[in-house]
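Here chain A shows up in two complexes: once beside chain B, once beside chain C.
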Partner chain A sequence: MQISTHTHPVDGAIELALNGRFDAHEAAIFRDAFHDALDGGSHQVRVNLAGVEFVDSTALAELVRGMKRCRELHGDLTLVSPSDPVRVILELTKLDAAFDIERVAG
Partner chain B sequence: MEEAVMNDTKLSSYREWAATPLTGSPRYSVVIPAYNEEWRIVPTIGAIATHMSALGEPWELIVADDGSSDSTVELVDDLGLVNLRLLIAEKNGGKGSAVRRAVLAAKGDIILFADADQSTPIEQFEALADELASGFDVVVGSRAAAGAEVANKSLSRKIFSAGLSLIVRGLFRVSVSDTQCGFKMFTSDAAHLLFRRQLIDEFSFDLEILYLAAKFELKVTEVPVMWIDAPGSKVDAAKVAVEFLRDLLVIRWNDLRGRYEADNHPLGQDDLRVQHVETTYTV
Partner chain C sequence: MNTAADTGSRPESPVESLTGALVEATDQLLALYELAKVTADSLDANASVGVILSQATRLFGASAMELHVVDDVIVGPSGDRLDPDYGSTSPADSRTSLPVASTTSAVVASVSVSNAAGLEATLIAHRRDRPFGTADHKLLSAVANMALGALHISRLHEDAVAQAVISRDHDTASDLAVRALPDWRPSVDGVELFARSDPARSAGGDLYTFAIVDGVFHFVVGDVSGKGLPAAMMMTNVISASLAAFQSEGRRGPVHVLSAIDSWMYDYLSDAGLFVTLVCGAFDRRSGQLRLANAGHSPVLFVHNGSAEMIEASVPPIGVLPLQILDDESAHEQSFATEPGDRLVMSSDGFTEQENSSGVMFGDGRLIDAVEGATTPCSELGPRLYDMIEAHAGGAEQSDDRTLVILDVIDVPLRHDQADMTGLT
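And now, the complex of A and B:
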C-alpha cells in the first residue's frame, strides 16, 4: 500500500491518500503516517480511501483507533471517497455509522 | 453523515443483490469455507459481494461453516444478505468437508471456491472464468505459474509449497504446479462429478480433487494469480506436510481399491448432516 500526505486546501486538515490493499501487513505503515500527521499539529485527519480496494479487520481497527485518538484531541478522522468494496465493508460491519464519511465527486 | 454525490452503479448492483432474492438459477456460485473466521470473513464477504454483483449475472454466495466455535455463524447470519446461504456444521469436519457441502449445494453453472481471508482477491474471478469459457472443466488459481504475484508468504510455506509441488508432479498424474491455492473454479458438472467422489476431508482434499480430475480426464488448467498471505492463517506447515504425505498414499490406495468409481456422497446425503439456513429460490 502506498500513502501520500498533503494538507487539505480548504480546512487545513491533513489528508492521507491510501492506495492498494489496506490489511494487517500495512497497518504499521498507516499508523506511522497517522502519527506523523498528529505530530504535525493537525487533529483533523482525512483518510482518502478512493484507491483502496480492500480493507481487512485489522485495517478497520486501525481506522477506529485513529478516529478515537483524533476525537480525544477534539478533532476528527474523516473517511473520504471510500471505494465501492470498502463502502460495502463499512456497511456490513456497521462502521459506516461510526465514521464521518465524505464523498467527493470526480 | 454521508454526502452521496457519485455514480453508484456498482454499489446499486450490490444493493439489489443483497436485498432481492434470485428468481431463477444463478449463473455463478461462490463458495467460502469458514472455520472460526469471525475476524476475517465479513470484509471478505463485502469484497466478494461488491465485485460479483457488478458482473451483471445472477449469482449466489454460500458460506460453509465448519463447526466454528467463535461467532462466525452469528456474524454471517446477521448480515441479512438474501442471496447468501449459510450452511452450518454441528462439528468441525475439515476444510474439505466444508467445501464439499457447499459445492454440492451450489446451484450455479460455474462454481468458485475461495478462502475466507481474501488472500486471492476476487478481482481475479474473470481470469478463471475466461479459461472455463474456453472449454476447460476445472481452472486452478496458481501461485506457482509464470506471472503469479505472491506477497508476504513465509519461508516455511514457500519451502512447503515447493516440496509438495515436486512430489505431486513427480508421483501423481496431476500436472498443475500449485494444488493448494484456495481459489478454484469448476463447471457445475465437473464439480459434482469430483466432489461426490471426494473422500478426504482435510487439507489435502484439493489434491484429491485434482487427482480425480486427471483420472476422469477432465480438462484442467491453471491461471497465475495474485496472492497475499493473510495473517492468521491456520496452516501449520509441518503438521500439514506430514498429513499431506500420508494422504498421497491414501489417495493412491483409495484408487487401487476402486473407491472412486462411484459416488461417495450421493446428492442429499450431506444435507442430513448439516443444518441449513438458506434462502429458497423460485426456480
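And now, the complex of A and C:
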C-alpha cells in the first residue's frame, strides 16, 4: 500500500490518500502516517480510500483506533470517497454508522 | 623460529632472518587456520570470541587481549581487564588506525573494525616483551574482523532464537485460544448443527459458542479484529462474556445478550484497539422461533425454501462505539418463524475472503449460490463448503481463520403462532 499525505485546501486537515490493499500487513504503515499527522498538530485527519481495493478487519481496527484518538483530541477522522469494495465492507459491518464519511464526486 | 642460543652466539644472517620471518609467517597462518576452525564451534558470543582471543593471544605472544563492543567487553584468556591507563589509545578515538602506544611496562595496540550491519568493535592487545610492528597490523585486523564476525553470527543466532521463542509462545497461546471453542455440540431436538473453525497460521480471533438455557438454544458467532495473540486472547474473553450473558440475559433475548457483552467488553476492546463482530441468536425449538441480533457480523444467511436472505447488522461491531441498543430493542432484533428445512448459515470473513492465486476472493456470491443449491443436511454441506474454499484457493495460503456454523431446522413441533396461544414462548 502507498500513502501520500497532503493538507486539505479547505479546512486545513491532513489528508492521507491510501492506494492498494489495506490489510494486516500494511497496518503499521498507516499507523505511522497517522501518528505523523497527529504529531504535526492536526487533529482533523481525512483518510481517502478511493484507491483502496481491499480492507480487512485489522485495517478497519486501525481506522477505528484513529477515529477514537482524533475524537479524544476533539478532532475527527473522516473517511473520504471509499471505493466500492471498502464501502461494501463498511456497510456490511455497519461501521458506516460509526464513521464520518464524505463522498466526493468524481 | 629463533632461539635465545642462536641470537646470542652470532648476528643473524639475512638468510636466517628471512627464514625466521617465513617460519613465523607460517606459524601465524597455522594459528589463523586454528582460529578459523574454532569460530565455527560455538554460537555463544562470549565462548566464540573468547576462544578467538585465546588463540590470538598465543599467536601474538600477547599478555592480554580485549574486544570492546558498544555495550560489552570480552576479555581474553588472562581473565583480567587491561589497565585503563595503558596509554593514550582508547577504543573511542581509534576506530580506523592501528595506533601503537608504549607505556613504561608494556606496549598496547588497538584496531577498530566495523561491518555492514553497523556492528563495531575494537580489539586491544597488550604485549610485554616487544612492541607491535607494522606486520602485526593486518593480522590484528584479521583477528578483530574474525571476532566481529563471530559476534555478529552469535547475535543473529540469539535474535533468531528469541524470535523463535516468541513465535512458539504465540503459536501455543493461539492453540490454547482455539481450544476455547466448544468441542461439544448441543443436543437440541429438531435441530442439526454444524460448527467448525480452521485457524490460520496466525490465528485470527474467530469464535463461536453455545448454551442451552431453559430449553432455548443460544449461540454466538463472531470475529475479533486483527490477528495473532491479541485477537486470540480477546476471543477467549468474548466467549466467556457470551456464556455469562446467555445465563444472565438469555431469557430476555439476543439483543439483551448482545448489550450485556458490549457493556462488559467495550472498554477492554477499546483500550486494546480491537473490536469484535458478533451475531447472537436464540432458537426455541418448541415454537420454532429464531431470534437474531447482529453487531457488524457478515455473512449471516437465513435460507428458506431454497432462497437465502442476508441478515444485515443493525449496529457496528462491539468495541467501536457503545451500542445503546436497549432503547429500541425491536430495531435490533430479527425474528423468524422457522419451518423444517430452514437453515441459518453464519461464517467469518476469512471464509468468503479467501483468495486464489490470482487474488480473486471466494466471495459472498459463491457462498450464497452454494447454500441456495444445497439439499443435503448441514453435516454434509459444511465439509463440502470447506472443500469448495480449498478448491478455490488452489493452494494459495489461508490468510485468515475460516469459521462456519450452520443450524438446520429439522422439526418444529409447535409453530410460533400456536406457541403464542399456549404461552410457551
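One rule holds in what follows: the second predicted complex is superposed on the first by the 106 of 106 C-alpha atoms of A that agree within 3 Å, B and C clash if a C-alpha of one lies under 4 Å from a C-alpha of the other, contacts with A are read in each partner's own complex, and residues count from 1 in each chain.
Methods note: a residue touches a chain if its C-beta (ideal position, glycine included) is under 8 Å from a C-beta of that chain, and two chains touch if they have at least 3 such contacts.
All figures in this text were calculated on a predicted structure; none of them were measured in a lab.
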Task: Room on chain A for both chain B and chain C (clash or fit) - done: clash
Open item on the list: For A:Thr58 in the superposed arrangement: first (chain B), second (chain C), both or neither?
Closed with: both
TODO: May I ask you to decide whether A:Leu92 touches chain B, chain C, both, or neither, giving the answer as first, second, both or neither?
DONE: both
TODO: Check the residue A:Asp84 against both partner chains and state whether it touches chain B (first), chain C (second), both, or neither.
DONE: first
- [ ] Examine A:Ala24 and indicate which partner it touches, taking first as chain B and second as chain C; both and neither are also allowed.
- [x] both
Open item on the list: In the overlaid three-chain picture, which partner chain does A:Glu102 touch, first (chain B) or second (chain C), both, or neither?
Closed with: first
TODO: Go through the superposed model and pick first if A:His74 touches only chain B, second if only chain C, both, or neither.
DONE: neither
Task: Per-residue contact with chain A, leading partner among chain C and chain B - done: B
Task: Interface residues of chain A shared between complexes with chain B and chain C - done: 24, 56-58, 60, 92-93, 97
Task: In the complex, chain A residues that touch chain B - done: 21, 23-25, 53-58, 60, 81, 84-85, 87-89, 91-93, 96-97, 99-105
TODO: Could you pull out which chain B residues touch chain A in their complex?
DONE: 1-6, 8, 10-11, 14, 39-40, 42-43, 45-47, 49-51, 54, 79, 117-118, 121, 123, 151-152, 228-232
Task: Touching residues (chain side chain C, partner chain A) in the complex - done: 204, 223-227, 270, 273-275, 277, 295-299, 312-317, 319-321, 349, 353, 400
Task: In the complex, chain A residues that touch chain C - done: 24, 56-58, 60-62, 64-65, 68, 92-95, 97-98
